[in-house]
Amino acid sequence: MTEVDLIEGFRDPEHMKALAALIKKECKSKINIMEVCGGHTHTIMKFGLSQILPDLIEFVHGPGCPVCIMPKERIDHAIALASMPNTILATLGDMIRVPGSKTSLQKLRAEGKDIRSLYSPMDVIKIAQENPDKNVVFFAIGFETTTPMSAVLVQQAIALGLKNVFFHINHVTVPEAVDAIMSGGDAKIDAFLGPSHVSVITGYKIYEPIAEKYHTPVVVSGFEPTDVMESVLRIVRQINEGKSVVDNEYARAVSREGNLKAQELVNTYFEKREHFRWRGIGDIPKSALKLKAQYAAYDAEIVFDDVLPKEELNDHKMCICGDILKGKAKPFDCKVFGKACTPTNPMGSCMVSSEGACAAYFKYGKLSLKGATA
Amino acid sequence: MSKQILLSHGGGGEETQNLIKDLFFKHFENDILLRMEDAASLVMNDHKIAFTTDSFVVSPLFFKGGNIGKLAIAGTVNDLSMMGAKPRYMTCSFMIEEGFLVSHLEDIVMTMRDEMAKSGVKIVAGDTKVVPRGGVDGLFINTAGIGEIMCENISAHNLENDDVIIVSNEVGNHGACILATREEIELESDLQTDCASLWKPVEALIDANVKIHALRDATRGGLSAVLNEWASTSHVCIEVDEAKIPVAKEVRGVCELLGFEPYEFANEGTMVIALPKAEAQRALDILKQFDETAKVAMIGTVSDRFADKVVLHTPWGSERFLEPPKGELLPRIC
Amino acid sequence: MCLSIPSKVVEIDENNYATVDTMGVKRKVTLDLISEPVNIGDYVLIHVGFAMNKISKEHAEDSIAAYNEIVEAMKDGSIAEDEGESQYDRS
């Protein structure tokens, strides 16, 4: 087996057709499956999985897009930090395109501010060493997959004695978000497709309370099309048998305990916040992380508190990102989808992040509306 | 329209199109320009001429399989070739940053000489400017090209129902090669640009009287940009089979690593052809004989299913629209 | 979730950085998050410049073998290709 097989081997058309046929045969009732993770939304839309699955299977898109759930005021934090003199703001990928209340990091960069879009958090070290007279602020985002990398960065910054590195931590956690959605009572979700790479880090043990509390099967699924199809099949079988357990389809990468070293690093530098506002959902207690008190000297929210706006900002009335993140609406239900709100002119974060449901629908989904023209 | 020019305005996708339509066309409007072909088709003293211009600002200047000079010649030659025009004469302007190494400049110029020999085009006028450090990034090149139209009526307006779509080479090699070479990404691969002059293969098609409806080289915005432009210009639907689109393994690797699709990456020596079904096999046979087009493949057809749209069929029976490329290239993160 | 891709380890340096190969494209990632030993020829999942863990080839092969069995079942008639409903309607 080669690394090509590890990718291509999970996209075999023969396997896909066979799995589709088996699911069609065994699926007896309507099943609403929430795929928590934005990456899974992407896989489902890009590979057109809804088109080869029976109508009885419906995907409900979950809040697993860390850029999408960032409330506007925290994007304004990033903008405020980037606007400080002698400051370099660094973040990963899509974050620079999200609009805050007045502008975006991308537009600010065009106006001359030093804003860096990184491929790896570790690049912050080099930037800080090359710019000793500047403040380098790392705007950290991501679910449990990316949190350990920020922890390593904190560790390195401290070990190297770097005094010009600061962190604005926006890491969030999956189980609390899922719990918040389910405890509302109005989400009609029968099963979960568990995130692939969050699970690599945390282990699949974190979903056991959910399966037990809400009697919903949770199948931890790999990222590739056959992984998702196989996971849907396992959900169908659990539902048919009246089971609701955590099952690990992604056994080649995920274990029950996860990556203990990564978990330990996270626990060394971060702790849970009591409260964190999720865009469109509201406050979810203990769903986000911050630096521990002993690292306050590195915490941008403490060190630069005076420049950070405090007001909580809500979205435009027409934006239904909140309902989409809660799985209560689909992008096509939104009146501004594809019209006032597009990837180049996004009104809500589901559209601006390429992991967001609206962006995925815009790029891959328009043909799925039967008879749609554009 | 935003107040400032953003990088995405130069991406070759939707934002670029909007800038051209809303600003440049607004003030420069004339019938020839509005046709928006690869080169302008002109009549002067009864002679049919194609006339084009291009600027080259690639970074880095040297990459696997070529450099900015090779791009400048092949790019101009191809713009003319895509109009069915034999490339005859070019101009070339160099804008050079103070401190640029003469040896590098000579390497680039020698590459240009070698590339010109492939199509027979000659540089007949030029200009040289040197700007203080920081004025340009090393070297920028601007060209203009003139060719004799040998085959008329090749146009993005001409696609018809049941036409077949052919691509002459693997897609995305140049864009992926450049991206992989960019220092901040630090990828290493054997990936080479596909930069090549395409006049010889095009000439062979014309000489054999193969009927061609549309011809375009897939530069910025890649295969997706070409197919979407054609679909909306001719008001047809283009349906392609994902499994039939040739993509090099390393390009797929770059795409998987960084979260892109190969259909958005630029090419610099790969063309897309739309032609009647009956002509397809002859075209394939002719193109297979040239090194530059040896990997030619038939990838799709023209239909009337969804006007102005491009449909991508997966190998397992699902389908989606291939949307026009947008924005600057930005990797997905979680 | 987060974009992550299986890659083969082709080199490991003294600073605990591995050169990994994905379909012929190589890049360096740090092994600082992996506590078990990593050897040349192992497959790892990489994400934003880090290797997150090792991929089990055995489990991967098991998964693919299971898919192959389903394909066989379809060929010998245990499962009919067009059984059941589908949203996908080409007519």
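Every chain is named by a letter (A, B and C) in the order it is written, and numbering of its residues begins at 1.
To be clear about the criterion, a residue touches a chain if its C-beta (ideal position, glycine included) is under 8 Å from a C-beta of that chain, and two chains touch if they have at least 3 such contacts.
On a predicted model such as this, the values are computed, not experimentally measured, just so you know.
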{"item": "Dominant chain pairing [most C-beta pairs in contact]", "value": "A-C"}
{"item": "Per-chain CA centroid nearest to the all-protein CA mean", "value": "A"}
{"item": "For chain A paired with chain B, centre-to-centre distance based on mean C-alpha positions, whole Å", "value": "35"}
{"item": "Whole-Å gap between the CA centroids of chain A and chain C", "value": "20"}
{"item": "Chain centre separation in whole Å, for chain C relative to chain B (CA means)", "value": "34"}
{"item": "In chain B, residues with contacts to at least two other chains", "value": "185, 249, 256, 259, 317-318, 331-334"}
{"item": "Chain C: positions in contact with at least two other chains", "value": "1-3, 5, 22-23, 47-48, 88"}
{"item": "Residue numbers of chain A (touch at least two other chains)", "value": "4, 7, 17, 20, 38-39, 48, 50-52, 92, 119, 123, 142-143, 145-146, 197"}
{"item": "Residue numbers on chain B that touch chain A, as the complex places them", "value": "2, 4-8, 14-15, 184-185, 243, 249, 256, 258-259, 306-309, 311, 314-321, 323, 326-327, 330-334"}
{"item": "Residue ranges of chain A in contact with chain B within the complex", "value": "4, 7, 13, 16-17, 20, 38-39, 42, 45-52, 66, 92-97, 106-107, 110-111, 117, 119, 123, 141-143, 145-146, 197, 225, 343-344, 354-355, 362-368, 372-374"}
{"item": "List of chain C residues in touch with chain B within their complex", "value": "1-3, 5, 19, 22-28, 46-48, 88"}
{"item": "Complex interface listing, chain B residues touching chain C", "value": "180, 185-191, 249-250, 252-254, 256-257, 259, 317-318, 331-334"}
{"item": "Touching residues (chain side chain A, partner chain C) in the complex", "value": "1-7, 9-10, 12, 14-15, 17-22, 24-25, 27, 36-40, 48, 50-56, 64, 92, 119-123, 142-143, 145-146, 148-149, 152, 195-198, 200-201, 223, 226-227, 230, 251-253, 259-262, 265, 370"}
